[in-house]
Every structure is written in C-alpha cells, then in structure tokens.
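Two complexes are shown next, each including subunit A; its partner changes from subunit B in the first to subunit C in the second.
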Partner chain A sequence: MSGKVKNFKELEGCVVIYTDNYLNDIEGVKLEDECDVFLNRGKKKIVIDFANTELVNSIGISILVGIMEKVKKRNGILFFSSLKKVNHDIFNMLGLTKHISIFQTEEEAIGKMLAHE
Partner chain B sequence: MDNNKIIFNVCQDSEFFGREVEIDKIYNHATSMPKQAYGIYLAGKRWIGKTELLRRIYHRLFWDQDKIVPIYYRFKYGCNIEDFSADYIMDFIKQYVAFLTKRPEIVTENISINKLEHLLEDMELSNISKFLTLHREGIKYGDKIAILRNAISAPHQIAVDHNTPIFLMLDDFNPAARTNLYKESLIISKEYIKTLMSGSVSYLITGCAGRLFEDGISPSSIKVMELTGLSEESSIRMMEAVSERYNINCDSEILAVAARQLDGNPVYIKSIMTAAKKEEKSLTTLKDFVDIYMTELTEGSIGFSLGSVISIKSLNALRILRACINSKSGVSEEDIMEKTTLDNDETSKLISNLCELYLLDADCGSIKWIGDSIAADYIHYLYEKEVKRNSLAEAKTKIAQEKLKEGFHIRSIKIKGKIKEELLCLLKKFNGQWIPKILFRNQDFLAKHNNYEAYRKEGAIKENDKISLPQIVGCFNMVGLAEKGFSIIVGHGFNNSRYDDENEIVWIVGMKETPAVVSIIDVERFVRQCNIITSNTKTTAVKRWIIAREGFTGEALKRLSVEAIYTTDAVQLNILKNIIEDSNAAVNPPNDMKSLTPLKEYEIILPMSTRAELVAAKAVEEIGINMGFDNNAVAQIKTALVEACINAFEHSKVKNGKVYCRVIAGGDRLVINITNQGKDFDPTFKHETSDVLKLVGPSNRGWGIELMKQLMDEVRFEKVHGGVKLVMTKYIKRNGENVYERKS
Partner chain C sequence: MNDVTYGLERLLFNLDTLAELGEELTSPKDFNKIVKSSLYMIMGNFSAFKGAIFQFDHGKKTAKPIASKGIGDINDCVIKLEEETIKELVALKTPIDISSNKKATSFLGVGKTGLEKIKVRILAPLVVREDLLGLIAIGEKFSGEVYSKDDFRLLSVIAHHIAVSLHNQSLLRKLMGKYDENKKLYENLICIYYDTIHAFATAIDAKDAYTKGHSHRVSAYCAAIANEMKWSQDETEGIRIAGLLHDIGKIAIDKSIINKDRPLTNNEFVELNSHPVIGYEILSKVKFPWTGIPKMVRNHHERVDGRGYPDSLGSNEISLGSKIMTVADSFDAMTTDRPYRPSLTPDEVIMELKKNYNKQFDRDVLHNFFSIIRKEIVGENKPAIMPFLSSSFADELKTKVLNRTINLFSFEK
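Presenting the complex of A and B:
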C-alpha cells in the first residue's frame, strides 16, 4: 500500500472509506490500495463516502472506475455516498451512475449495504 | 507499421513524413498491370530517402494485395559476378516464395540454399529450383556469363511461365552501372538492361544522377521520377516529432530555416536532431542551429558520412569542386585548367572521377555542381582547411558566418510577410479598448519590466496609465512609400466611438520587417513618410507608431520620444495582441449588449508541482463567489480549471515549466485563459461519455476535455505563438436564465 487514506470505518458487515478533499491521481491510488487491503481481507462490502470531497479530477475518476471493476470481479458490492452535486453531475456525465448505486448519506448506504444479501 | 510486418528495415512511422504522394503513385503503377510493362527511374540526391520509399512500397505490396509479386534488391558496390548472381538469385527466390506463402520469415531468416530447395520441392515449385541447379552448374564450370544470365533472367522467365506479374525494385542501380572501380559492375548492369528491355516485368530503378545512364535503356520505355527533399512543412513536422520525442526545445521559425538549409533531406535532419539531443542543446535561435550544424559537418556524423562517400584525393579536385559550386552556370574545362595547372588529360580524368561521385555533371562542355548544399558546405570546409591551410577553427568560423547570413536572409523573408499580416489583423481589432500606455513606450517598458515575465509579475494588473485605442474602420498597406526593409500601414478610424470630424483619426504604423533594430536613419525616414501621408489627408489627428521586432537603438528611441512617436517591440506587441484578443472575447457580449462593469483581471503562475492546480482553484473560487456565481457553478468552474491545469502540466514540453492562468471577471461572465510553455493541448480527442466503463486505465485523459466542455459554457482552443491557449467561459445565470441569449 502506497499510503493511507485519511479515514475509514470498519463495521461488522461492511467497511466505509472516506475520501480526501481532492480526489486526484495520488489520492485515487491510495483509495484503490485501501480497497485492495479490505478485499484481500475478505471484506467485500465497501462504501466510499465522498462527504469530504470537493474536487475530483479525471484521473481520480479513472481510478474509481478501476475500483468499481475490481470489486465487481471479486463479487463484492460497492456503494458511493454523500456526493456533492457537482461530483454527482460529473459521474452522471461520464456514465458512472449507470453502474453504481449512489446514496445521499453514509447511513443510507450502510443500511442498504447491510440489508443486501 | 506493425513490427511483425517489417521485412526490410525502415524507420519508425512517427519519423516518416511527406512521401504519401510518391508511395501512392508507385504503388498504383505497380498494381495497375499495364499491358506494356515499362519502368520508372527514381532519381534523387544521396540520402534523400529513395531506399526508405522503396522498402515501404515493398511492404505495402507484400501485405496489401496478392496479385503482383514485389521484389526488392539493393545493388552492392564492388561485387564480382559470382557473388552478385548468388545473392540475387537467392534474394529473388526467397522473396517470391515468401510472397506466395505470406511468410516474411523466409526473407528475414538466413535460409541456406539447401533449405530453400527443400521448400520449393514441398511447394511443388521445381521449375524454380532449376535456377538454383543451373547456378550451381555455372559455378562448377566457371561460366560467369551463364550464371549471371541465369540469375538476371529468373524473375522474367518465372513471370512468363507462371503468368505471375512481378514488380522489380532495383535500388542503387545507377551507381552499380557507373562505377568504374569494379569492371564487372558494368557487365552486370549491361546484362541487366538487356533483360529489362525485354518488357516481361514492370520495374523501378533508382539512382543519384538527374540524367539516366547512357547505354541500353530506351527513353520511351522508362519514366523519370525525381525525388526531391521533403517540403518545408513536412520537414518541420518531422523535426517537431523528433524534438518532442527527444525533448528538445525548438522554435518553429528556426526549424523552418533549418528545413531550408538542410534541403529537406531526412537523413541530415535526423542527424541534426540527434546531435541536439546528444549535446543537450535547443534549437531556438539561428545560432543554435548553425553551431550544431557546423559541429555535425566538421566533426559529427554528417561530416563522417560525407567523408566516406566523397573521397577527395587531391587539392586540385577541391579547387575544381569549389569553382563549380561558386558558378551557377557551370565552368568550362579551359577555366579549370587555368585554376589547376593540370594538362588536358589530367583535367578530364579528374572531372570524370568527380562525376562518378555524383558531385559534378559534365554536359556540352559545361561542368556543373550537382551535389546538395550540405555537400557544398563540406567541400568549402575542406577547401578552407586543405587548400587555404586554415586551422579547423578558422575554417569552421568562415562557413558558420556564411550559414548565419544565409539563414538570416531566409528568416527575414518569412518574418516580412508574417509581421505585416499580423499587424493588419491587429489593427482591424482596434475597437476602443483601453491599453496600458507602456505598451507603446518601449523605453519605459524596458526600464520597468525588462521582459514579458517581468511584465506579467509586476505591472500588468497595477498598470493604471492607459490609452484608448480608436475604432479602426479600415487599414491598408502604403506600398508606394515602403522602402527596403520598412513597411507602412495606415489605419483610419474614430476615437471615443463618436463618428464626427473631431474624433476622426489616422494611425500611421511603420514596421521594421527585417530582424534588425530600428536605427535613427529608419526613424528619420519614417518621419518624412508620415509627413507625406498627413499632407495628403484631411484628418488633423494623427498617431504615429513604429513596431520593431528586434527593438530600437538608444539614439532612435531618444528621437522617437521627442517626436512623440509610439514605440513597440516584439514583446510589447505580443502582450498587446493578447490584451486585445482577451478583451474582445470578454468585453463584447455576443448580442452586442455591452457590460458596464469594468473588467478585473487576475494572473496566477503555477509551478509544475503536485496539487499546484488547487491554488488556482482556490483563487477562482474567491473570484467566482464575488461575481455572484452560485456554489454549484463555482464548483463546476473549479473542476474545469483543475482539469485544464493538469492538462497543461501534462503537455508542457519544458521541464520545471510553468502554467499561466489568466482570469478575467467581466460583469456577466468569467473567462479563464490557460497557457503553458510547451506543446499543444489535445483538443481533438472525442469519445462517447455515455459509458465510461467501456474505457479502461487511468490514462484516459480525453475525459478531461469532455469534462471541461460539459462544465463550462464555452471552451475553445486558440493557436498562439509556441502552442495553444485554452479559453473557457462561464456565464452567470440568474433565475435559471442566461444574462444574454447566447449562440449555441
């Protein structure tokens, strides 16, 4: 792992990872590494919470796409939550929203995640 | 080209430019299968790219069609008949079989004669094997002519027997015919010509001479096609591609001069670029180029290559060559005898030898230089060193001075047209803008800012002392008054947007067209010319302005100051152009409604470091909020700006370069300009954004451009000197509506 994401919360059924204020190449790689660690430990239900993220650049988005594919390959579940309007719009423009469930709050995402069989 | 498809060595596709027309022409000729087979003689100077062209045509014929069998053979110097015949027959059969089976490895791998025979047996091509058997028998009995005829006739007989059209490409055929060092070469080429004239195959032969060799070939059976150097545009594209790969800092004007001075010869161009990379030098000034060129010519690979093919054994040879180079119309043998004190026979022999080297051509008693200009420089250099006994440094200096003068002249011609065109265009854009006065006062500008960077850092924003430009109605070039190196453009217009006699004004603009400073003589001449113009016009208000690309002498500046004539150099002009273009973009609303809010301009210079783009994003956030953009719009602007910055970083050619962000807050809109010190952004990348998951990898940078277009109201790329400027605009929307109806 190349570095640590600022924060994460490990729950019994899933894990929530909090992203940085600016999701660029460096932070994206850190996030991907963090997801890898949890996936390798058998944690297959991951929520990425973007409450702290104001800015996302295209490299950061590419890395998110990579994470989405990785989780899918490992038969995991990935949800996004707390996206700012601009970031939600960007994800929508690029077609990400067709492939991932996005929730308004972290709690909502966790609730859905835990209810998911 | 796919590496697996390469049969004969060719350069990388990214370094191959400007030969599309020739390739198509020859390919079409080869595949058109004319009823009467005839040949092409491809004539071109040494290293102009004939071999590369033929090999690329061969690859295309090999892979793109299956009717015509392409055969490529390059004649080697000094081969005896036995060696040539063995080499030729093997090459031909291998290429023939490789084409039929589409197995290039038969050509590229070193297959023995026995293995080739087995292969032919397996393919039931025993009638081809017979040529190998006959070759063996000829060797056994020492019958040179028989083995030569067997080898040469093989393609022709097979083409007839199998009814398979063949296209023969014979590289360096002409030198093989002319060389007198190896007597057998002449026998080979004579036999060959006889076979070619049979008309059973189409063929292409190459050579260095402009004229076809004398004996045997009927002029009606062969077309002459001359391969010249790359066009200036192709040469520049090639140099730009190589400089990008080698990370060489270049100026396009200097590349244009280099292209002309190197005769568009791809080998010389490549040598110069490789030398620049090796020496870690840039090509931004004429002197940079001439320094690299001189080192290459005297001590580098160009000198080495020329030395190996131009074998000069006597001082008299150098005297003859120099005399021919210096005479455009050619010299007579008598003139040469005078210069060399050689007798008739010796002179003839020496001239003949130099003709064999493709340096001279003797026709109707006149001997002319036919080598390229680089070879001419090489001869000059040898002459200075060997005949005049100058030291290496002296010889180099003399040639370098000549090259600089020549380059300077080429550049002057180019600049002349360019600056005039730019100025006419600029004057037409004068439309009442307020411009810092310092841009018309060269002395003050130099004292205060020294250069463009200093202006950006120190003065642009604080500059309060401004003048109002007129609205120019029309402008024209005063051809009648123009003197050598100095042009005059006159613009007629009105001040203060008031169309009455009081506000009518004439701007008289003098331009120094050559890359030289404006002297006191130029100023005096300009003043006289202005007097003539003003005496012929009713308008009393006249503004005089001199633009000098290379600046002014001190004496000239003093006089200009006394005369109250505006003075602008290239740096000032560039800033002025940017201001006018930016203000046109920002001030004039598309529906002609003018904002009354004054413009506020901010400049941010970003180093290429991690997260530097956030500094610009933070600044634009403040500006956007102050202007009244809502939070989401501010977030959109920030995201677009971040994308633009990382794009600019990514495409910067300069290590540790900087990215310049100029933010113009203009009432109803925010305009952001981004420029870097390097190559272009890539504005052409387009893809569907509907399903990003189809795209893989974090290197999909085209999304950035798409994002900017989606987030901003207008995104456009403008060509500027040294690259591209990205201009993005966001309009303030109130109550969900645009302030102005914008064109879609």
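Presenting the complex of A and C:
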C-alpha cells in the first residue's frame, strides 16, 4: 500500500476499513496496525473493503494473512468486500477464499456481518 | 479455475514476486526494511502466517532474527548452531521441511528447539560460496495446504537472492568498518600534522622573547585576509599554514642578531635577511597538501615596488599569498613591542600602512585588510584580527574608526 489506510467507518456492530490504491509495500502494515487497534478495543467484526485497491501483491497478501490470523485468534469475524477480479483471482489461487467470506459490495458484507450472531 | 489456468496464474504471481524481490534487494532503502519486505514477500507468496529471517554470526555460531512476522517478539530467540549443523546446512543447498524430514531434525541439534518454539515448518539456509549467512524460517500455510515441490524450488531461488544481498551487506559493513578505521587514522594524522606545525611555530617564536605568538598571529591575519578575498577553504588553510611557518628560516639565524636592541651591522643585516631563503630551502623539502607554501615564505619580504628581498621581485612576480603575508607580517610587527621600539599607536600603524600603499603593500590586499578591520569594528565580521591586538590598541582603533578620526580608506582618493 503506497499510502496510509484511507478511511474507516465505525458502525454499531462492526468496523469497515477502506484500503488504499495499492497494497504492495511494507507501508501496508499500517492496515494491520489499524485492525490491531480495533481488535484491542474489543471490535471483533471487521469488514475490509477493497473498492479502491487496484493491486495486491505478495506483501499485501502477507499483511492480509496476518490480519486473518489475528481475527481468528480473537474469535472475531472478518469479511472482505468489493475485490477487483484480479485480486480475487490471487486470493483464490493462494487458497485464501476457502477461509474468508468475500462479498461483492460493502453493504452486502455489512448486512451479513450485522446479521451474524 | 482449471489446472492450466491455475498453473499459469501461479507462475505469473511467482514471477511478480521474484521481480519485486530483485527490485527490493537492490533498492537503496535501509537494510532492515529490505529484509522485512523480503520476508513479507516470501510469506505472502506462500500465504504463511509465521516467519523469520535469521542472520548467522560466525564468531558466536548463533543465528539471530533480523526480521519476523506473526511470531511476536522473538529478539531473544537466538539459535545456537553446532559446527556439524553449520556444515550440513551449507551442504543442503535447498530448503527442507523440518517437520517431516527426520534427517533434518537430527542434524539441527540444539538449534531445533529454538526453531520449534516459533513453529517453523520450512527452513531455507542462506548460503553464498559455501558460507552460511543466515536462515529463512517459515511456518504453516494459512490455507493448511502442504508446501509443493514448486514451492521448495521457488523458496530456493528466493533464498539465493537474499543470501547474496546479505553477503553484500556484510561486505559493505566490513568496508564501512575499514573506512571508519581509516578515517580515524587520517584524523589522528591531521592532528599530529597540525600539532607539529604549531610546535614549529612556537619554536620559531621562542627564539625571540619579543615575537612570542608572532607566527600564530600572522597565520590568523593571513587567513582572515584570504577569507575576505574569497579564497577557497583549502587555499585559506594553505596560507594559514604558511603564516605559521613564514619565519622558520630564523631558526638558523643567530639569536643575538634577532634579539639585538641596537642597529644591526651590514653583516648582521645580511644574515637576518637570509631567513626567507633558508625558510624556503627548509620548506621546499616538505610535501605539503597545499601548493605555494615555500614560495610564499621566500617572498614575504618582497615589495610591490621591487625594492624587497631576497629576489627584488616586481609586483607581477610576487604571488598574492606573499603579498597577503607581507601585510600580515608588517601589521603584527607594528602592533607589538620590539627590542628597539614600543608598539606603534593605531594612528601610526594606519598611517604607515597607507604610506607604503603601492610601495611595500599591494593595493587590493591592503584594501581588503582595512575592510576586515572596519567590518570587525562595526560587527559585520566575526572577529579574526581584533582579538589579537592589545586591548588598549584595539579600543583606541575602534573609537577612532567609529568617530572617523582614522579614515581607513582615504588613501584611495
């Protein structure tokens, strides 16, 4: 990720984090740090929305795997939304799609997240 | 995704990772950041959630983590490697699965405990020219899939790239160590060099009780004028040194002549006036890092009207350095007590300098010299000349310049 985490939205039951254009360098650890902050505050339902993200490379994958592992350890729920096809294909190829729920839109992910017990 | 498409996608992703790794390893970033990025690339490529890169210390025979992810703080996780283990790792060449390879487990010896602690699954030795530089240790894949043959081959290529980078970094560190060592030596030598020159200057001035500190003052005045005339730092340093040594030829002159408080005989004059040539001969044998020092010393008693000594040179034949030194030397002679007379007053000094304008002294040099005095008095210049003058002389000069009783630049009219 070339810049910082662009934005986030705190809802009643979950948090939506919006990623930047690229998730492809070590600066992307800020996304992981951002998730840590929410997890440490007891927010266990997180949606990461990739609508703005054009490219995720191996560094980005590593950061996302780190987040997935941390949420799993805290018995939290993590959804991804708005993935570009190219990024979805990479997740699929690496076998990650079997371990994470991916939604077409942010709204859909939030809806499922809030309905989740 | 069918098998062919999957294979192609995977190949392209691996190629991307390799290309990015190459770019990262050759980037001018901080080395720790490079290693961290490299580890993230490896882990992302295999979707592993634990991993670390260790650097091997040949002296201590330990591998210490230089980057890690998903393991928490592992700074204390220093892996001890026995001699046999090191040999085996060097011989391995390729990564090993330490959880299933019994042979690997046995040769790792005590090191295995440290690796198990951080749940390492795959270990890739970082080797360049039969030299173990470190280890890449990665854990299970997040997907739970096993590492394929292709994964091992890719990790082997990645490990080789990282090993070369570690090797280069180690060479660079050694080089920087040598550079620092040489820099210290050089700085010590410079100190010795300056101390020696200062000792010479003190020895020259010690011959004459009246000229104590003369060489140091002339040196400071020369540097101040050179600086005012926009000489480079290096050239200014050269004339500063020349100023310290300008009277070195007096070492060979009889002390009784230098300290005589009565008029000198012709023979005594000849002997005293030989000091610039003797100084030139002494200094010509010294290899200075600055040019022109022996010549400046030889010609510091030359005059622009051609009536100086030892060579009666015309203005065009006298170097600017010598012309500067002439003003500096004469000013100090006039402003200090001598065996045959006390120090001149500020009026007398300025008048004497002006009287000899374009005779003994060069026009530009004198103009710049007066300019420094003025600037120091009005606070435009950092004091370089005034601190060397007696306080009574300096106060009188300052007062008279400020109330215009002394006009420094009137000779130009």
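One rule holds in what follows: the second predicted complex is superposed on the first by the 111 of 117 C-alpha atoms of A that agree within 3 Å, B and C clash if a C-alpha of one lies under 4 Å from a C-alpha of the other, contacts with A are read in each partner's own complex, and residues count from 1 in each chain.
Note that a contact is a pair of C-beta atoms (placed from the backbone, for glycine too) under 8 Å apart; a residue touches a chain by one contact, two chains touch by 3 or more.
Because the structure is predicted, anything quoted here is derived from the model rather than measured.
Chemist: So, on subunit A, is it clash or fit between subunit B and subunit C?
Modeler: Aligned through their shared chain, the two binders clash on subunit A.
Chemist: After superposition on the shared chain, which partner residues are touched by A:Ser101: those of subunit B (first), subunit C (second), both, or neither?
Modeler: A:Ser101 contacts neither subunit B nor subunit C.
Chemist: Let me test your reading of the model: by the given contact rule, A:Glu69 touches which partner, first (subunit B), second (subunit C), both or neither?
Modeler: both
Chemist: Is the number of subunit A residues in contact higher for subunit B or for subunit C?
Modeler: B
Chemist: For A:Asp25 in the superposed arrangement: first (subunit B), second (subunit C), both or neither?
Modeler: Both partners, subunit B and subunit C.
Chemist: Mind working out whether A:Asn52 is in touch with subunit B, subunit C, both or neither, as first, second, both or neither?
Modeler: neither
Chemist: Touching A:Ile61, do we find subunit B (first), subunit C (second), both, or neither?
Modeler: So A:Ile61 meets both subunit B and subunit C here.
Chemist: Counting only touches as set out at the top, which of subunit B and subunit C does A:Lys85 meet: first, second, both, neither?
Modeler: First partner only, subunit B.
Chemist: Which listed stretch of subunit B (78-86, 690-698 or 726-734) steric-clashes with subunit C in the superposition?
Modeler: For subunit B, the clashing option is 690-698.
Chemist: Residues on subunit A in contact with subunit B in one complex and with subunit C in the other?
Modeler: In the superposed arrangement, which is not itself an observed complex, subunit A uses residues 24-26, 57-59, 61-63, 65-66, 68-69, 89-90, 93-96, 98-99 for both subunit B and subunit C.
Chemist: For subunit A, which residues count as touching subunit B in their complex?
Modeler: The touching residues are 22, 24-26, 28, 54-59, 61-63, 65-66, 68-69, 84-86, 89-90, 93-96, 98-99.
Chemist: In their complex, what parts of subunit A are in touch with subunit C?
Modeler: 24-26, 57-63, 65-66, 68-69, 89-90, 92-96, 98-99
Chemist: Name, in rising order, each residue of subunit C that touches subunit A in their complex.
Modeler: The touching residues are 1, 6, 9-10, 13, 16-17, 20, 33, 36-37, 40-45, 47-49, 69-70, 141-145.
Chemist: What residues on subunit B touch subunit A, complex-wise?
Modeler: Residues 610-611, 614, 617, 632, 635-636, 638-639, 642-643, 646, 689-693, 695-701, 703-704, 706-707, 710-711 of subunit B touch subunit A in their complex.
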